[in-house]
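Paired with chain B in one complex and with chain C in the other, chain A is shared by the two complexes that follow.
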Partner chain A sequence: MTFKVHRSQGFPLDAGNIERMAQATIAEQVERVPRRGRDRQSSLAYTLVFMIVAYLGVFILFPIVQQVLTSFSNNVVGINEVTWVGLRNYERLLDDPKFWVAVRVTFTYMAFVMTGSVIIGLGAALLLNRQFRGRNMARSVIAVPWAFPEISAVLVFIWMCNPTFGVLNMLALMFPGVETNPNWLTDPNMAMPLVIVISIWKAFPFAFLVILASLQAIPRDLYEAAEVDGASKLQMLRYITIPEITPTLLLMSVLMAIFSFKQFTLIWLTTGGGPYGGITETMVLRIYQTAFRFFDLAYGATLGVAAFIIVLGLTLLFVYAQHRQDRARKR
Partner chain B sequence: MSVIASSSTGNRLRNLGKGVVFYAFIIGFCVIVLFPVYWMIVNAIQPLNHGMQFPPPLFPKEISFLPFITLFENYPVARWLVNSLLLAGMATLIVLALAVLGSFAMTFLKWRGKAAFGLLLLMTQMLPEALVVIPVYAMYSNLGLSDSLPALSLIDAAFILPICIWILKNSFDSIAEEIYEAALIDGCSPLGALLRTLLPLSTPGLVAISVVSFFYAWNEYLFAVTLIQSPDSRPVAVGLASLKVMLDTPIDRVLAAALFFSVFPVVFYLLIQRYIVAGLSAGAVKG
Partner chain C sequence: MNRPGNGLLLPRSMGIGRRDFLKGTAAAGVAAALATPAIAQNAKIKIPLVSWMWSEPGRGDAWKAMLAKFHAEQSDVFVEEAGAPFNEFNNNMLIQSQSGKINGAMFHTTPDLVVRLLRGGHLEPLQDIVDNLGLTNTLSAAHDHLRIDGKVHGLDIVTVKFGLLYNSALFEKAGVNPPSSMDEWVETSTALTKAPDQFGIYSPHLLSEPGDFWFILQQWAAMFDGKWAEGRTPLVNTQPVIEGMKLFKTMYDKAMPKGTDIATANQMYGNGRIAQQLIVSAAANVWSSSGPDVYKSLRSAPVPGPNAKAITRIHPICVNVNASDDEKAAAKAFISWLYKPANYQELMERCLDVVPPYPEAVRKEYLDTLFWADGYLKGESTTPVEIMGDYIFFNQEFGNVVMDKLSEVLVANRPVEDAMADAQSELERASERLFEGFKL
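Let's turn to the complex of A and B:
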């Protein structure tokens, strides 16, 4: 709304300026040019931004609002009369053990994927943050999983985990005490760790690329000064490198948490939330299942609102982390 | 003399040892990271009987293009590819148009509400697709837009647009404001200055967002599988996942298809990674 108001104000103001300019002295004209420029600039800006907000509004914001409304109704596919039911869906949510299982699964998955990708990404970045032959090649090799489509990754991992022919069996049989091929993805104890491993494989290169970029932005003279003072390599890592990249690590951790919270395709195609009992069913999978398998649109929307609140929290964390990084960079 | 000489050989040996350990470590790490990709290629280019034995041979014993030939003969892969190209092409065009205008407003124009707009972009880029897939599905069904690739490209573009605005804004940020102002003084309108001076100067950024948005739509699965029902309109992502569900699809063909599907994004992402990462470390995000 506000955008429209500004836009319509722009034209009469401009016209008024032109009229006044015709009678004004040159000195006054010079004074007014920047002001007129600014008005035109902001009316153009509001037109452009309005287009984008309208576009996102139709495809993202409007559906979200619709979800919130649906969560207060009893809308199930096939029902005759849709009515408002107040907070009934939310009461059901709080009493629903499956919801709490999904919350636990989601946060377990997020915690492991986040920690794993940031630590491996940091390790790889530290390793590659020096001059050696083949460095660019190693960097590209490590970036490959990031560029790799999730669906292809899932297909090859499923094949590697095949209980009969999978190549991972060869690795497993090397361990003492393992006599037969494991069941891999259908084994309830292994499904979650495997999904986490696949997710880390896909996610860590992004952390690696960004951390490496921030390592290379550390001023050289800091290390030179430390060398003159006789600091060891380990001391330089502890007192220069780690403090310098802490803001980036924080930002990456939040980002990785958000990415893993959003993750649908990889988990869905690998285990479908199973092997049974929702062992690997995160909240986004639960939302999808509730709506498209059980056709319970209202309850699916309620789960969606719960997920939305978590996303809001994560976004605020991200803004905070970004703010810290900006401050560190300016310093 | 001899003491000094021997100690320097000792040093050199120790350095050499360190170097060997270092390279062994790097190579080992790269081998582990690349192994799944390697395994996919091996199983896609060897005759099926080698993959279907245990233990499987770690190196291909013979090379055959039969998996690819049977794949293209038995499954509508060509159709899927055309659909994906159309879908991703349309999404890219929409994103390019809107991201250029949005980043321009964010970088070069002065207006109030920039921070709020930035926060809105950030919020939408953090949202899981699964949160809106149900209402979007309902909306498209009501409008009779299910099964339509252009309609699917609209929602894909909406989800990748915020990130692309950040990436392009980062590219615009590196252009000195004086260049834009000089174009205005030369008599360009703001949009004229954008077209004639700013865009030619930010080609890498434009290429980066084209690649990001193209392959987002290319890879996207959730919206595609929900909104597209008829087999004729399937993009590759959905077709590929359907191969997995059909239990009778031989694995060599599945992996040949997966390989075919992955080559383009991997090549393009690696070519432009520098520009994307530059945008990313400034706070933008690939989803």
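Let's turn to the complex of A and C:
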């Protein structure tokens, strides 16, 4: 309707004019709304905004501030008086070898889980993006680990890895040189790889689903044009598919990094951070152990602040990478 | 307390039909829907009893039955179930205590939790109950560490003692007797092991189950008359503790299902695939309800060894000092009722407990029927307070260090002496931090 009016006035119908016309129409409508109605609308908007801000303030901001304040205290369960200790907990953090072990373990775990789940997710998505009989069934089946509750999944793996009667023993004994049942989750050399494998198995379907959706959004005509130009499958993957889904891969990498950084249930239930010496103790486990097993709330809060800074760094890195990519695309 | 979880490896005898389950659930639901609101509405005051026992097979049912009896006898007070499972219970209570106030008018506690709550000033004196019931001179000495200015601040609701709980059918089949020395114990346990079908013994040993791991590990040193700490000095590198850890390692290598979690081990015990457990007397009640076949074969022996001592743990019921006057009065009314000899005898018999808080709380005829209790009634005792020193206030923190180092011994074959020397250094460093600003 709006277009007709303006066409009769003889304006050229380009994108800029459409935007201006739309703005003018909205402005006219706002003018027509009575003042009392406008007040009611704006008070509703303020109420809604206030609710969001209040929610963020109470449930996000307040705990963060409280945590930072606790990290400057000597709050340990059992002491008589909580006092401020300045930067003492942060000095302890820098000198604490267990913290650095936890940082190393966290980044190792994060790197493997992120890379593994994105690569396997990408491979599965490429495979299941092709036409074949039973494709929908395969897509559903591959998503099962993601939907499976973590505790149930861990219990199943714990039984599979039981050194006495776990089913994996049968497989291990088929390998030459393996004569006794491996200790699996209690073996210092196998615990971390197993935790990583279980984590990838649990995480990759999410990457698969998102990447698959991204693959399906690539315009078909790009492939058709490439085919006409005689491009091979590999060249199409290299020059069309990968560049088109790079933002998704980047997003998945950051999300997987953050998910794996925050992972607690799976590691806690499989190894509890062991088998000893913090071999699988990530920062999140270290925070839990410190605050709720050693009841050292102040130092637990300090570790929490350090973890918060690391996650913030990862997020900023993602924002920067995405920004750079957007600029590159525009160019 | 170590207890069977509800794992998927249920023994055949524990299975119930779908129809039975539905019938039971429906009946319980209807009864609860009809009875509970009526009782609760008539009650003048409702108070929660915060405990880990509600979900514990056997003991939870016993406590529910006692509450039902209490509600049937009076209508002034209604006691509600509240709490968390055992592995998280102490943590929840300690975090609440640090925030300044514990929720709930009345709660069950463990030996290490109660001393922390007592020290934090969270507990109401219960001496008036003891005096009114005429128990002033007969209450067990185990309550002594719960006294401030002569007034007791918690009353025992179950005292558990360590012993060797074994499957007599497996012992008979292997032609072995309960051990009387450490060497004999190792030989017996090895003879009972036919991996992977049967194992001589199980003791929790995974860092993912720290509560139960440490709870039972403490007993392994006590068998050599060892103490983990004296005052604020850790003693983990002393000879008795090292001997205890060496014995644990030997048993781990020769007779335990390595890497097995507690839920699975308990199912194996219920299926007759584990011959013995070094465990507290309360475990028998679990098997009476969840493993009737193995229960018939259960027998106990005192913990082996010439100087062996069994840790005896008192679990008191306490009243929250921060509750309102009405709530405190209601809580005390319930505890007074519970502590009457007839009611306490019923509680003990429902829970299959063996150590009474005062002599009249148990019937001799009842003890005579407990075919498995013999070993728990014999042998010397010690308490967590005696073996942990001032670290009783930081029991789990202390245990975490020891368990981490012992795990190196178990899975990486590190010498016990080296691992315990490391643990000693770490605990000495930690003690400076733990006891800073700490006043008894």
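Just so it is clear, the second predicted complex is superposed on the first by the 273 of 331 C-alpha atoms of A that agree within 3 Å, B and C clash if a C-alpha of one lies under 4 Å from a C-alpha of the other, contacts with A are read in each partner's own complex, and residues count from 1 in each chain.
In this section, a residue touches a chain if its C-beta (ideal position, glycine included) is under 8 Å from a C-beta of that chain, and two chains touch if they have at least 3 such contacts.
Given the structure is predicted, the values throughout are model-derived calculations rather than measurements.
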TODO: Scan A:Gln289 for contacts with chain B and chain C and give back first, second, both or neither.
DONE: second
Open item on the list: Just checking: does A:Trp159 make contact with chain B only, chain C only, both, or neither of them? Give me first, second, both or neither.
Closed with: both
Open item on the list: Which partner chains sit in contact with A:Pro176 here, chain B, chain C, both or neither? Use first/second/both/neither.
Closed with: neither
- [ ] Considering only the touch criterion stated at the top, classify A:Glu81 as touching first (chain B), second (chain C), both, or neither.
- [x] second
Open item on the list: Taking the superposition on A as described, I'd like to know which of chain B and chain C A:Pro145 touches: first, second, both or neither.
Closed with: first
TODO: For A:Pro97, select first, second, both or neither according to whether it touches chain B, chain C, the two together, or no partner.
DONE: neither
Open item on the list: Let me test your reading of the model: by the given contact rule, A:Gly277 touches which partner, first (chain B), second (chain C), both or neither?
Closed with: second
Task: Of chain C and chain B, partner touching more chain A residues - done: B
TODO: Quick one: classify A:Gly230 as touching chain B (first), chain C (second), both or neither.
DONE: neither
Open item on the list: Just to be sure I read the superposition right, which of the two partners does A:Leu269 touch: chain B = first, chain C = second, or both, or neither?
Closed with: both
Open item on the list: Need the overlap of the two footprints on chain A, from chain B and from chain C, as residue ranges.
Closed with: 155, 158-159, 164-165, 268-269, 292, 297
Open item on the list: Considering only the defined contacts, which chain A positions touch chain B in the complex?
Closed with: 2, 38, 40-42, 44-46, 48-49, 51-53, 55-56, 58-64, 66-67, 70, 124, 127-128, 132, 134, 138, 140-160, 164-165, 167, 169-170, 181, 201, 205-206, 209-210, 213-214, 248, 251, 255, 258-259, 261-262, 264-265, 268-269, 284-285, 287-288, 291-292, 297, 300-301, 304, 307-308, 311-312, 314-315, 318-319, 322, 325-326
TODO: Could you please specify the touching residues of chain A with respect to chain C in the complex?
DONE: 74-81, 83, 155, 158-159, 161-165, 183-188, 268-278, 289, 292-297
Task: Touch list for chain C against partner chain A, complex - done: 7-8, 91, 94-95, 97-98, 116, 119-120, 195-196, 199, 206-210, 257-261, 264, 393-394, 396-397, 400, 404-405, 407-408, 410-412, 433-434, 436-439
TODO: Within their complex, state which residues of chain B touch chain A.
DONE: 22-23, 25-26, 29-30, 33-34, 36-37, 39-40, 43, 51-56, 58, 98, 101-102, 104-105, 109-113, 117, 119-120, 122-124, 126-136, 138-139, 154-155, 158-159, 161-162, 165, 190-191, 215, 218-219, 221-222, 226, 237, 240-241, 243-244, 251, 254-255, 258-259, 261-262, 265-266, 268-270, 273, 277-278, 280-281, 283, 285-287
